[in-house]
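Structure first, commentary second.
For reference, chains read A, B, C and D in written order, and residue numbers begin at 1 within each chain.
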């Protein structure tokens, strides 16, 4: 096993992550603010940003739009599997990398399952514009978990062979109990977590429906956490079911109510995918992979992101009938009385 | 760090634990049976038994009574903090160690918080009648967690100094990422888990109210799991809230409906502690610490355990008014409409 | 049970995949065609099949239809357990998955799989010729599920002597106990389903072995489209063409929108 | 704010413990008197105090009364988060606990605590003279919370030069950065509350230092009952006796059944 001299931490080192929490005001206080304020206050150039959700499920889309409007430089992005969230950030870099830039990604998967590959990922990766570090879904989930547990590393059994261990900072050691090889993954403690949830109270106690993805781990591993929620609800309602709380308030710094905040992705109980819009975004980026200029993508950003004040302005560009249809499609998936 | 040559596994080694699951029928099938049948079928002499619950909360009391009636030899018992469950098993050994015996305990705490020390633990430990291995609550919880994760060990930061590391099989190594010492705890994979839950369906999907304790980890780490539940409910009801399922069916081998199955301890939403009865049991054992014979404890066992056919017979010896009062006390703690 | 005459390459893959899945077993289902195959199996010979999806869902009945993501809301409804990614992979690492079922872009004779990049590794890792999505959970499933079922479109350049990048470990270099020695669990690659046939792995050498040719293919035509030397089972046979009912189920009931099974 | 004249030793411990707890901080509360003190603090000067209990509850209002176990149903009601033991300790290890508050049977001058055994360790470990309950979560809290508050009944044999067993690590041997070097986190022991007074730890030496005497005690009487040499703060002062209202709250509102605060 190699020694630790060469280890570099992106985001916070384990000791820095501890220190950040020690110095944090962990009181139960009102954390509501505008999304603009939250992004301005809690994200900085050069940050390692942990992205919540999974592929196009409950991705923090509203937050990424606000980040694009704000502009950031040299971000490191970390997630397990993601689609739209990073697409929006990467697309901004493709449109104007003096306004927005990603330095590095630490990931397992960047694509869209049934909606195909990410042209943004292909464009940036194939041109060497971002540093890549490949892990697996469990690797990245376990790295966030280690970070959320206050551990410097966590062991896993996979993937133990192949080229992933040579693409990343995992270390293989012989287990001192069994003698067999085991992987040790360094913790991930992002500077800031961006997470969309179903419901939250003003203190930041969050309820997630459907898969938790790795959201609690990312929030609790990070030094700061921005939460958007479909519904801002009373503390009394949230705490009437303590076991449903997936992220507790001390891990949260900002709470913003943003209905449809994961759209055009899916948010369980609220809306299903808008595949047409995902394809519209991709079409605008895909031509750049073939060497065309950024015009089409710039037009998309001008229309949907730079041309509006807030995420509500993005939503207003969809016909109401489409938003209602996507609500209805999801209502079929988890039928319940209103 | 020492090498692995000296490592001994109680219960299953990591490779044996994997093999046990590989060979297991994991189908969704009806697992209902009598408690007698479950104990007879799934517990064997010499087993490492993982005990669910925490101190006197949701301890698998009905299962321990049935185990006592059955009689077992040379058990290893593993838990984080427990009270009544192991008291009943240890008391049986004090009454007649040719019928029931414990060889070893791997634990963090054996006592009763506000109800005082465990005279059973004092009696057996101070006379050298059981092997002791001391860990901490997090240590034992993390060991079960490692077992449930299919890992041979899990790192923790505590307790890193003091005498616990010299009382147990933890190993301290220098973290290959930070250079600082970190504890590696060997996984615990018991032969059998004994767990009481609030509700289960016939396949073994379980819902736990109040603290989960370390029940899911113990069940999923063990080769076999016996579940008793306050309520046996339909699969449809259980799966209408998939996120409330704490233990999924493939981890479960037997499901037995046993109302009051954690009594005289607490089960959230069902009943609060019966402190008087805990004290009655302890009084019968405490005199043996002072050198008196087993008569009083034997009388308790003859009356409450050997003298009855099943746990219902134990319950029948309480006045209905007391059972209702303990229900009512708990109803105050978590008031809700019926 | 009339044989279909107009099934597509993807449809026969789905039917073959479904048939390999066994009733009452737990299968960790990767995204894409494996999801369609699992649903077809569940609605035909394997109603007791227990699907697990890496975003967290265990054992959903899938009565609300085909998920188009392994995190789709449709995987949660009626599930027996639904936490997050860590919980799903921890169960797998523990040994709760009898099978995993994954797809990839490039495979070698030992069932190692590439879904990361086309290009030169490690030299060109930071500037891949084609950047693929990456492992997702496939490498975790391949490392820790008991037996792996692979889907790879059959193409000479994709059935390679040496992969450009090994994302999901299979039988590694085929040496005895290679997986165990590397620290992994499970028996590794079990079946490969391609657009041309079905393969298993010979016990001793761990090399890919043709066991079924798809209609219209021969041992020779398949070898000709494979970039390494195939083993051929003694009793190699033709895989029965999908029935009209199977094809109808795929087209009308299971994937009516062509989310994964393309009509073309 | 009339001073009480009939408070008990346990009652002054509870009042002192409550006063050390700061509003709006997270305190990981051990079983016994710390629970009573946390509830008193929450109902007096520290309504924003956030208790965490090791069985899993985070931030309950405790409006349904005093839990008699750290896993008591009363800790769950109205809590902001409630998983199990692993989750509670993982949060602690991460740094979410400003304080922990634990009791023990034996303490040394560096705030190391014994709650495991009386007897000879390691020789007599398997046959202890008195077997105590064991660590529970105390050693985990002591290892990973930011600052530790200890309660130990004051007795010469229990304030020992050398502990019979070190369950919960404090400042270890008092050497510079001893905790950090051992791999732990947090600043370690912060206050000790006994039946005779309140102590902190001197910055350099990490040795226990008397800062407040309880009414009726003097520096000398306390040293006489301590098995090691105490440091004494320059400005040592007498701790104000509990008020009648504080005593009433403990007896009537908080622990009316004497679950932890014995009347005798």
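Simple rule for what comes next: a residue touches a chain if its C-beta (ideal position, glycine included) is under 8 Å from a C-beta of that chain, and two chains touch if they have at least 3 such contacts.
If you're wondering where the values come from, they're calculated on a predicted model, not measured in any experiment.
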item: Partner chains that chain A and chain C have in common; value: B
item: Touching groups left behind when chain A is ignored (all other chains fixed); value: one piece
item: Winner on C-beta contact pairs when B-D is weighed against B-C; value: B-D
item: Identity of the chain that, by mean CA position, is farthest from chain D; value: C
item: Chain B and chain D, separation of their C-alpha mean positions in angstrom; value: 28
item: Whole-Å gap separating chain A and chain D, where each centre is the average of the chain's CA atoms; value: 40
item: Residues of chain B touching at least two other chains; value: 150-151, 156-157, 175, 180, 182, 243
item: Of all residues in chain D, the ones touching two or more other chains; value: 57, 76-77, 82-83, 92-93, 144, 185
item: Graph class of chain-chain contacts, one of line, ring, star, complete, other; value: other
item: Chain-to-chain touches, reported pairwise for every pair that qualifies; value: A-B, A-C, A-D, B-C, B-D
item: Of chain A, residues touching chain B in the complex; value: 1-4, 7, 13-15, 150-157, 171, 173, 175-180, 182, 184, 186, 209, 243-244
item: Contact footprint of chain B on chain C as seen in their complex; value: 24-26, 48, 50, 57-60, 76-83, 90-96, 98, 144, 146, 185
item: Chain D partner contacts - residues on chain B that touch it in the complex; value: 54-57, 80-81, 107-111, 113-115, 117-118, 121-122, 125-128, 131-132, 134-139, 141-142, 145, 156-164, 166-167, 172, 175, 180-183, 210-217, 266, 268-269, 272-273, 330, 332-334
item: Residues of chain D touching chain B in the complex; value: 31-32, 54-57, 64, 68-77, 82-86, 89, 92-93, 112, 116, 121-122, 125-140, 142-144, 165-169, 172, 178-185, 259-260
item: Chain D contact footprint on chain A (complex, rising order); value: 17-22, 25-29, 147-151, 203, 205, 220-221, 238-240, 242-243, 245, 248-251
